[in-house]
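Below, chain A partners chain B and then partners chain C, in two separate complexes.
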Partner chain A sequence: MGIRFRNVSHEYSSYTKKTYKAIQDINLSIEGTNEFIALVGHTGSGKSTLAKHMNALMFPTDGSVEIFGSEVTKKRNKKIKYNDLRRQVGLVFQFPEYQLFEETVEKDIMFGPLNFKVDSEKAKTLAREALSLVGLDDSYLNRNPFNLSGGEKKRVSIAGILAIDPKVLVLDEPTSGLDPYGRQVLMNLFSDIHKKTNKSIIIITHDMDLVYRYFKRVIVLKDGELTFDGTPDKLFQSDIIEQNHLDLPNTVKALKQLNEKLNLNLDVYQKTPEAAAKEVRRVMKHE
Partner chain B sequence: MNSIIIGQYIPGNGFFYKLDPRTKIIAIFFLMISVFMLQTIVQLLIAIGIAVVILLIGRISLFKVVRGLKPIFILLVFTFIFQIALNTEGTVLSTATMHFNLYSIISAVLIFVLWRILLRFGKFKILLFLAFAFALYFNFRYITFQPDFYFFQLTIYEKGVEMSVFVVLRLLIIITLTTVLTLTTKPTDLTQGLERLMHPLKKIGFNSEDFALIISISLRYIPTIFDEAQKIMAAQASRGADFSEGKLKDKLKQIISLLVPMFIIAFMRSEELADAMESRNFVPGEKRTRINILRFSIIDIYTGLFTLACFAGTILVKVML
Partner chain C sequence: MNMIDVQNVSFAYSEEKLTLNDVSFSIKKGEWIAILGHNGSGKSTLAKTLVGLLEPQSGEIHINSTRLTEETAFDLRKKVGIVFQNPDNQFVGVTVRDDIAFGMENLCVPREEMLSRIDFYAKKVGVEEYLDKQPSNLSGGQKQRVAIAGILAMRSDILIFDEATSMLDPYTRNDLIHYIKTLNKEGFTVIMITHDVNEAILADKIMIMKHGEIVAFDQTETILKDKSVFLENHLELPVALEIANLVEDEEIRRILWEYVSET
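Then we have the complex of A and B:
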């Protein structure tokens, strides 16, 4: 069980009759548990379109997506409750402004569970749990979501999805617009959630440092086509990086520079600055 | 969104695209007055002929205009029916009793169901609708098993048929003319044209520049807000708000979940827009220069002459006949 893409394409049409393929011929398999995937690619490569297919917000124009046993194709199937698929796969959008609407944070987080017919007492406890999972304390429950800071709004919007308790969590650029510290905190949070609950988490991001450091698996899209699917280690050690207009992580870049300028023999593939410093120290001792 | 042709600009480069928007607005204004002055069906048919020739000259596909008429179709049908049913002038053409009894109502329901089923396959929706209307008429007229719950005399007068055809033709011409205007003129050009034309109204306290600015900003933001609404709907659908299903009470809540973010985003956008305009030194009421200055050319003169000829022609016809 999980999400399977079989030859999925999505074509946008416009009235000038030119069609534009946002994604084409994607074959992909995502397990229902224990995945921690980064979805990368330059702007306009079809990442968001792919994400929207994961919870049936978009239907493929060609091919099929299997979401926890339900086959989503071009045609609407009356037997499938698409709403239930969205309970299995939660999708968090980039801008929290698009979903916050209630007077209090608590009510806003409860909106999801209530839509899925959870009774309101249970929804309240779910809201509290979700809020603590994203690292905000109970004092936030009665605050107005519109008076929160950008980072806090983002967390509340994530809590709004977590409260639904989806099996798979998809996040569209959750770290964009945050300061470096906030980014770090949020990533640690996702990593914690993943470890605690064993949920599959898929995150769209542009930040290669985060990709290298946190993720188990990377999926690369280029012009709507899937060009890489594997571990971050494999990705950054290959030449796929340049072909896809992607950047190397800062640690790797810095160590490569040191190697070139000082003629050292460092192992450049270090995931954290600390590990990089250790590597430099090791080599310097030898010299 | 794409199916709405009325009021939608389609890029192209025919004769009408090169015309000054002011010319187009004035010409259509006078042509409309002319159409209202025509008094017989024959005159209107001639006017339709001229309208078709205009379309052909402008190389605007008739198909597009007809497609643009689709949303108006219901309106046309209603005008037609009301004119036929309510006009009581002239000689009687036909009179018939409409019977409403158990059998005729059952068969009417059957006809309705058949029509809805056929609609699913069909391409000839308008033809199907006409067939449906006629079937209903004959149904109530000829199924005469007693007892009737209700019956009335449907009398069709000569003048009624004439007027209904007349009104429908007139509406058709007017809508075609305005469609030509909106199809070939960018909204920004249209507002600029309106602004220049209404400029003299400044003397009576009407500021045409502000008016034009308001219109062009609203037009500019329609697709943006539409886009935003779709994003919000996607975000809320991810939280289980299904906008297509559900009970009325749930729906209300879901509509609120769409409206609140929309208002908030609209206010955010307007503030950003105001900042962006001010940082580019926009001062309300101050005189501004234009990138594209409207200029009349030779084709505008031809169009003006043509319009004048049409207008004079109709006045002549009205006076003479």
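Then we have the complex of A and C:
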């Protein structure tokens, strides 16, 4: 069980009557547990559209998406409770902080569980747990979400999705707009949640340093088509990077520069600055 | 000549906490300033006071030697263009073309000129194919580029980017940053609020904010040499400099430094 894309395309139409395919003929299989996937690609490559198909927020115009056993196609099926699918696969949008609307942080986080018919005491408990998962303490519960900073709002809104306890979590650029410290905290948080709960987590990102350091699997989209599906190691050592106009991780770029300028033979595939420095020291010792 | 003069500006959203605490600085015409700082440090609030969207409780702001007040704000806004972090907050047009035109319409740019600027700036940011699309049908990064085109087309003397490139992929972002660099060389004053140190180091000067105060404001090279100011403020050094700081070899360090300042 999990999410299976079978020849999925989605065509947008606008009032100007011109149509275009945001995603094209996607075949993809995501397990219901234990995945930690980065979804990358140029702006406009179809990443967000693909993500919205993962919980039936969008319906394919062609092909089918199987979500935990339910077959989602262009035609609505009365037997499928689409709302249930959205509880199983939680989707966090770009700038989720703009969806905050309640008077207090607590009420805002409780909104999701209450909507899925959880009773109010239980929803309160879930809100507390979710808040601590995103690294904020109980003192935030009674604060007005609109008076929080951008980073805090983002965490509160992510807590709102965590509180419904989805099996799969899909996040669309969750770290954009965060400072490096906040970004690291959040990435460690996702990584922790993944390790603790075995939940499958799919994250859309442009940050190749994060992709290299944290993820087990990378999916690359280009012009709506899936052009790579494999490990970060394999991706960064192939020429797919250039073909897809993607960037290399900064560690790799810096070490390549050293190889070029000093004619060294450094193994450039290092994930952290510490590992990179170690590799430099190793090679310099033998020079 | 100072393009922007900020004297003892304080601003608070609520009584409990000052979001800007007695901030003073000035920016010369044609300078490129990067503002770094933790989330909640007051960067965006500062940007909003510079365009008169928020009125400070105390202190004075002068743009091009005119004091920013309720009366002068309308005219001064023609001098200052701002792109917000979330482009959805600034879309008004039905199509991308209308949207890019909106700012120019307010400046009463003649129609012919307006049409040619739309084409020119749409090409510059790479959205020329989407001119007839609805902004709401675009991806996050495409929207950001449309918002940027709209501001560039106004040709304001001062350009403020509030994390306006956060959703762009690295290639698009590089292209755009290089174009902003060209504009800056032509004399535009640029203020870039960012979390990306690689973006910040392109600036002439870096300002670091914390709890509503300016904790450092100096030439980029000077700021980068003082590691402690980055660490204390939870900021990241560029990866190549982090590596440089961890190795002893002088030549390696020199090359990594050069690499960082070139890119």
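One rule holds in what follows: the second predicted complex is superposed on the first by the 285 of 287 C-alpha atoms of A that agree within 3 Å, B and C clash if a C-alpha of one lies under 4 Å from a C-alpha of the other, contacts with A are read in each partner's own complex, and residues count from 1 in each chain.
As a convention for this text, a contact is a pair of C-beta atoms (placed from the backbone, for glycine too) under 8 Å apart; a residue touches a chain by one contact, two chains touch by 3 or more.
Please read these numbers as outputs of a predicted model, since none were measured by experiment.
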In the superposition, chain B vs chain C on chain A residues touched: C
Which of chain B and chain C A:179 touches, first, second, both or neither: second
Partner chain(s) touched by A:1 [first = chain B, second = chain C, both, neither]: neither
Which superposed partner A:98 touches (first chain B, second chain C, both, neither): both
First, second, both or neither for A:116, with chain B first and chain C second: first
Partner chain(s) touched by A:87 [first = chain B, second = chain C, both, neither]: first
Shared chain A contacts, counted only where both chain B and chain C touch the same residue: 14-16, 98
Chain A-touching residues of chain C, taken from the complex the two chains share: 13-14, 37-40, 44, 85-86, 88, 95, 132-134, 137-142, 144-145, 163, 166-172, 195, 197-198, 234-236, 238-240, 242-243, 246-249, 251-252, 255-256, 259
Chain A residues touching chain C - in the complex, by the definition given at the top: 12, 14-16, 18, 41-45, 47-48, 94-95, 98, 147-152, 172-173, 176-183, 206, 208-209, 245-247, 249-251, 253-255, 257-258, 261-262, 273-274, 276-277, 280-281, 284
Parts of chain A lying in touch with chain B, wherever the complex brings them together: 14-16, 52, 55, 57, 82-83, 86-87, 90-93, 97-101, 111-112, 115-116, 146, 160-161, 164
Chain B residues within the chain A interface of the complex: 2, 10-11, 228, 231-232, 234-242, 245, 250, 254, 256-257, 260-261, 264-265, 268
